[in-house]
Structure formats: C-alpha cells, structure tokens
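Both complexes below contain subunit A, partnered by subunit B and then by subunit C.
After this line comes the complex of A and B, so read on.
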C-alpha cells in the first residue's frame, strides 16, 4: 500500500501542476466553445443560403418561392423603419397579453384549489383530462362563431391554450408541497389561505415556471393560428397575405418577429425565475 | 382539581388507505405541571410524537380527551408551539422572517415583530445571521431558528419532537446545554420527546417511559438531580443509576 502511494503521488502532483499552468486559457475556451460553435454554424448556414442562387441555377418559377437572408433583413428593416410593423404587431401582442393574463389569473388559483381539495379535484378532473387531451385548436371554428373574427376569438384560443399547462403544472406543484411545512404553518394558526400563500405557492413555483414557459409557447401558437385562419388584423394576417402574394421575404420577416417574441418572453420568464429563486442553494450567488 | 395539562384515556388509530389500521395510542394518561420539563421516551412508533401533534391541535384523538387549563384542545393555539425534528424552516425565508412567522400569522405589527425577532436572535445565539437563508446554516443553527420561532409567539408550552435527533453528537450536547439556559430564562413548560435516555435525564424534571404500540404511560421517573445542571453531571453514579433503571423499564418494550 505504502509503496503504491509513494509511486503515485509524484505523478498526480505533476498532472495537477500541468492543469494549473494552462488553466486560464483553457477555461476561457471552455466557456466560449459552445458559443463559438453555435454562432459559427449560424453564420455558415446564412452564408450558404445567401450565395446558393449564385451556384444553383433556378428557373423563374422556382425563384418565386425563394429569397435570401439579405433580402429578408432589408424587408425587416423597412418594416421597422417605416413603422408599418407596429399596428399589426400591437394587435397580435394585445391578444397574446390578454389571453395569457387571463390564463394566469384563472390557472394559478384553480390549480391551487384543485391541488388542495380532493372533492373539487374529483369533480373537475374529467373535464380537465378531456380538454387537455383535445388539441385546443379544434375549438377555433366554434370560438370564431361565438366571439367573431376580431380580438376576442383570438383571446379565447390563447386563453384555452395557455390555461391547461398552467393549471396542470400548478396542480402538480401543489400536490408536491412539503407536508411538514404545511403542518408548521398550521400549528401557528394558519388558515387555508395562509397555507396557500406561505407554503403552497412558493413551494410550487418551480412547477409554475415550467407551466408558464409551456403556456407562452401555446399562447403564441394560438395567436398565429387564429390569425392564419380568420382575422382581419395582426402579424399572422400580414404573413398569410404576403404568402398569397408570393412575398416570401415578408413571410420570413413575420416568422422572425414571432420567433424573436418567443425568445424574449422565455428570457423574461428565466429572469423572473432567477429573481424568485434567490433562496435556493444553487442560485445563492447568481441573484 | 384539574391539572395544567391532562390527557385522559387518549386513543388514536390511523387508517392509511389500502393498509391495515395502526393503533398508535390507546388508554394513554398523562398529567403535566406548569413550568416543568417533562420528557417522554419510548420505542419507535409508540405514539409519543402522535401525542405531541394532538397536544398541538393538528390531529384529534378518537377516544379520550386532552385538556389544558381544564379546557379541551380543539385546534392550534398560540399558548402552544412546536419545535420540529426536521426543523421545518421555510427555505425561501431568511432567519429573521422564519422567526417572525408565528407573529405574522397573529397579525402583530411589523415593528413589534422585528423587535421580538431581534431579542430571540440574540437569545438563541444567532446574531449576525438574521439575513441568512436556511440552506446557509448548519443543523444546529437551523434548530436554533426553530426554537426561536417557537418562542416568538410567547407560548406557555413548548412541544419538542426529537428536536436534536438530526444533529451530530457534539452539536446535540451543546444544544442541550443551550436549551436548559433558554428554558431557565424563558420559563416555559416543556414536553420533550426523545429516543435518548441520557438526554431525557439531563434535561428533565420527570421522564415518562411509554409502552410499545398502542402507547400507554408505563412508568414515570422523577429526576431529583439538582439544577442548574452541569455537563459533568452525566458521569455521576446517580445519573448512571437512573439511566440503568430507565433502560430496564424501556427494554422490554423494544422489539428487536
């Protein structure tokens, strides 16, 4: 035993020293590596796309369906420079915000209620399961019939899409609440509202955040599809009209705006999560 | 003629779904005097923690009754507070806000809460850690917070459910000394559930040994060792005689 140790020790020490000496350079590369590859692949893809027409001959008919990144960028620039994008973007964003807001306002309390009450859960579970199993977009014709093709049919479809991930995740979070902590606050005379406020809600927060992320995706999907199928105004309408007029660049521009919005919202949720997780061990130094 | 805390013929059967019912307590009698330190030892599952939960008002017995000041306990009240084995601190609250929990639920104004918390922080020796979160504290410090939180509402009775069981041996010894100091200063009645005979003798005025499930009071030992008690007391012959006697009463109840 002793012999093996004396033999091994110098080797280990030497390796440690070697690692120490080029540690700064290495750690910098290690941190930048995913970024470099990610960014690099995007740049390469864009370049290939941009110069594809120079290498591959296209018929006039095919060209009608094709555009290049520089053209899309120019169109995007003009949409923002002339301000023509704001009105339709505002229409879409309003439907998104109202629908998601209502879904949060309904989904969170309902999720907590169902999670805390076995009776209510037994009553509502069949409906929730059935609704959740059905793609919400099949309700669109019905909703347009009921709410017309203006703002409120969009709000309704966004609401239906965003409600269930929020409701179900909140419910799951509530079900996973720490029984000991509930007993602790009960022992200090807490009522059901205090329990929800002091233990259940903060305890379910990680679940709710996941639900919120899903809900944002569903909400954006709701806006887009509603606007594709029958609306008078909105970014989706612009895209559909552009497509029927073979303005591929405008379609791409709309797509990029929706993708950008999606990224922005996800980023905001991440920020919210970080702010609210300051007490967590793994977030202790991040906040 | 009624005592301070009285349990008469207390019985409780748990009925977990899809499993055989468990009779935790049956014919359990207890009498606690005001201001005394009473420890309860007994085999695992004998219902000693269950009794504390009944006394706290979180669960109700299905036979017999538990009285305090001659009145039946029907729910939680600010005359009783529990120190939990697994601490039960809200992880998203700082030390200060954990201690203030009970006062907050009693709707005590913010300035008063803050003053009470400050006093307790220094009583349990946590000065400088007010803004720390539970995960930044050691086990011993967490239980100091648990103790401070229980004392914050100024209860008459402190219920302690194996409060030091999750701590290492040295921290546990230190916390016992601290608890005696705090008990002397705060002048509370303490019901202390433990598995450790040493701990029970060192801390208590009386030690109750419970039978195996369904739990009853088997025998009560009066601990006549002088106070204040020093750590060295644990190696005296009197201490060891008591320990042996309690062990002999307890061992028949433990199914190995």
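After this line comes the complex of A and C, so read on.
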C-alpha cells in the first residue's frame, strides 16, 4: 500500500485520500442501511404495540384479549426460569423427532426407488400428487381415531407432513443425476446398489437437504396443529388452553418458542447445506 | 391428425404413464375392497370403497356436501382475495422501493418463518368461528407467499426494460403497468399455488376448532360419530378439490408462461 502511494502524483494521492476519508463513511451507511431499516421497523412495531394501550382507550372486554410485548417477554422468561416449559416442549419434540425420523427413513429409499424406476414412478405418481396437494391436516380426525389421542397420532401427522417434501426432493435429485456417470459406473460392473451409493446419493444430496428444510417446517406445523386438536400435553396444548383462558401472552410466548425452534433448525440445515455443497463448483444453489 | 401420421406410437405407448397411474389407482381401490374378504371388517375404524360410494350418494342427495363446501368456500375465497389484494402491492412496493424492502424484509421473514397457524386459537377467540374469523385465518396464512413472490418478482425485472420505458418518456405508473406487473405476474401465479395449500389448511383449522358447518366440521363430526364412510367421502372430496386447484394453477402456469416451465 505504502509503496503504491509514493508512486502516485500528489494530486492523485490527495484525491485518493479525500475519497478514502469520505467513502468509508458513506459506504458504512450504505452497508448499515438495510440493517438499520430492518431493525428500526421491528423496534417501531414493538414500541407501538407496547404503548398502544396508553394512547388508545380500550374497553374492558378488549383489554382482556390484549397483551403487550413486555408482558410476553416476562411470560417467556418465567416459562424458562421456572422450567415449566421443558416438559411440554419435550413432549412436542419427541413427536417431532420420531415423525421426522420415520419420514426420512421412508422418504429417502422410496424417493430413490421412484427416481430409478419409471414404471413405479408412473404408478405412484397419482398418489403422491394427491397427497402432496392435500393439506395433511384433513387426515387428523382419522388419525386420531386410529392412533388415539397422544403421541402416535402426532407422530403420524408429522410423518405425513414431512414425508412428501423429502420423497419428492429425493426423487428430483435422483432424476437430476448425471446419466453419463451412471453409465460409466455401470460399465465398470456396478450393480444398482453401487449406482445408488456412488452416483445417485451424492448427486441428490443438495436436493435432499432442501427437502429436509421444507420437511422441518411441515413437521413443526404438524406438531402444532395436532396438539391443538388431539393431544393432552405438549406446547400446543398449553397454547390452546391459554387461548381459551384469555392468557394471550402465553399464546404469543408459545408462538415465539415454535418460531425460534423453526428458525434454529432451518438455520442448522442451511449450514449443513453450505458445508455439503462446498465441493460443487456451481451447484451450490441447486434445487 | 397430422401428429398421428408422423408419430406412429401405439395408444398404450403414448399414454403409458397415464395408464400406469390409472391402473395403480384402480388396483388400490380394488385391493382396499378385497382385503376385507380375509381381514375382519370393523366399521368403527375403517371402511371400504363400496360403503364410501353409498355414503357419498347419500351426502350428495341430501345436499349436505354441497352446503358444507359452499360454507367453506366463502372464507377460502375472501381470505385468499384479501391476501392477493394486500400481499401483491406490498411485495411490489418492497421490491421497488429499496428502503421499504430494507424495513419490511426482516419483519416479514420472521412472520413467514414462524408457524403462524399457532395463532389460530387466538384469532378464533378474537374473531369467532364465523366467516370473518375463518377468512382472517386464511388471510394470515396465505398472504406471505404473495408478498415474498411479488418481492422476488420485482428483483427479477429486466433493468433494460425499465431503462427503455424511462428513455421513451414513461412515468412511474407506466413502469408499474408495462414492466413490473407483467414480469411479476408469473411469480404471483406461482405464489397462489402455495397460498391455496395454506388457505386450505387455514379453512380446516378454523373449522376443526369450533365451527358448526363447513367441510372441516363435517370431517371431524363424522369422525366423532364413527361414520367412517362419510368421513372418507369428505376427505376424498377435499383431496380431489386440492388436486384440481393446485394442478389447475400448474396447468395455467404452463399455458400462460411457457418460458418459465422447469423453474
């Protein structure tokens, strides 16, 4: 840096210096602008919400339904401080984990199978289309009859919700794998299992991970909804009870916990996605 | 006609996938019907296609099914319509005015990422389970796909076209009408496919809670009284409607924006 500057004529150097002293200030604002606006709007929203009761007169009935951010934060803090959140959260997380695990265990092999066999694909297609288009929620009353109220009906709805994004994305990934590579491996004497392991699976991994991200969202949705209607414990049950008891702050606290978990897990999957597609020259955003 | 002479494929070869799919569906229902020849049939837990068909005839003849569908469709369309009317302009504004985008992007992302269906009990208590309560649930769940897709659509607008309109003396309004809206339209149609699914979820959630009519209510009530045949009839109806809506939009996308196929 020092060397190049000495070579410059004084005028150029001066102009450079002027730009240097000026430009970072402007570009700092440029860089900070999205953050400032984004954070600002959230802060403004929270403040307006917080102080709305002091500006707008409310009837007693409306006040019953109303809560302010500080109250929600307090409730959230108390839930964690007293540890009362862990038991219901554990119940919800168990259903989530079992359902998602089963969906992965079933969706991946089935997706690979359908991707490799056009006949099976054509035969399963109407069912997959129908189930994927239908909100899985419609099966909830049926699943509650079959599995009873409790863990397994939740697991079933989580499984149904998470299965199809995984299955469809795995299938798309398999269909997208390089035919040339498959032929090369095959001419070297690989069987169908080797092809799946050596070519198809690594190729479809980015697709599968995108599917996993979608599946996590669906699974959380499944847990929430299943607990609203057919469960005896879990975070969703706490929320629905709170709502009918006009404890609006608890409902929002639950929503924040679910949203936080959803963001956390999606973030982890995104990290995984980045890590696993590092070796790809330009397929980093495939799918 | 000309096609048939040039492409000499047999009927079976040309419609192979369709035929295989249809065969699988027929086989599925046949197997379902036949399995109870060996497996003991418990009408409290399962039903069979013949009974579903009989129950379905009943549902149609009594007019119950159409009544429930009509009741459910009102909040569905009201909520979805409001989501389009509010979501699309908001998304376009966010995309076109960078500062609006900066200000709203994180906020909207937070909303979009959180399982908003968790707010349903609250909305039901605020607004009741009538048309308005359900419409608001539908709106809450389906507005974000429109916002984000319109937002993404504006970012994909061809800068060259904007400059062309500007140099030919077009004003802000002409830009919106001639460049931005047409390029955003495919994104909005794609969004509506997502939104329709979410709207269906919203209607069902609203009706499972505490409605007194509607297709979601019918499903949970038939479940409560162990009328499995009618319950399955309603579930199958919802499935058919969902497929028609999503595949219809997909078809419209292909027909209207063929250059976007494959995205």
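Miscellaneous remarks
Following the convention adopted for this analysis, the second predicted complex is superposed on the first by the 248 of 287 C-alpha atoms of A that agree within 3 Å, B and C clash if a C-alpha of one lies under 4 Å from a C-alpha of the other, contacts with A are read in each partner's own complex, and residues count from 1 in each chain.
In the analysis below, a residue touches a chain if its C-beta (ideal position, glycine included) is under 8 Å from a C-beta of that chain, and two chains touch if they have at least 3 such contacts.
Keep in mind it's a predicted model, so treat the numbers as computed, not measured.
When both complexes are overlaid on chain A, the residue A:202 reaches subunit B alone and has no touch with subunit C. Counting the residues of subunit A that each partner touches, subunit B and subunit C differ, and the larger count belongs to C. In the superposed pair of complexes, A:263 makes contact with subunit C only, with no contact to subunit B.
By the touch criterion defined above, A:253 lies against neither subunit B nor subunit C after alignment on the C-alpha atoms of chain A. Once the two complexes are overlaid on the shared chain, A:89 sits clear of subunit B and of subunit C alike.
By the touch criterion stated above, A:220 is placed in contact with subunit C alone, subunit B being left untouched. When the shared chain is aligned, no partner comes close enough to touch A:156: not subunit B, not subunit C.
Of the two partner chains, subunit B is the only one touched by A:190; subunit C is not. Once the two complexes are overlaid on the shared chain, A:108 sits clear of subunit B and of subunit C alike. On subunit A, the patch touched by subunit B and the patch touched by subunit C do not overlap at any residue.
Across the complex, subunit B meets subunit A through its residues 53, 56-58, 76-78, 81-82, 84, 86, 88, 90-93, 101-102, 105-106, 133, 135-136, 153. The part of subunit A that touches subunit B in the complex is made up of residues 180-181, 183-190, 194, 198-199, 202, 279-281, 284.
Contacts from subunit A toward subunit C in the complex involve residues 33-42, 45, 65, 118-119, 122-127, 129-131, 133-135, 137-142, 144-146, 217, 220-221, 224-225, 228-229, 236, 239-240, 243-244, 246, 248, 251, 254-256, 258-259, 262-263, 266.
Every residue of subunit C that touches subunit A in the complex is listed here, in rising order: 16-18, 20-25, 28, 45, 99, 102-107, 110, 113-122, 124-126, 197, 200-201, 204-205, 208-209, 216, 219-220, 222-224, 226, 231-232, 235, 238-239, 242-243, 245-247.
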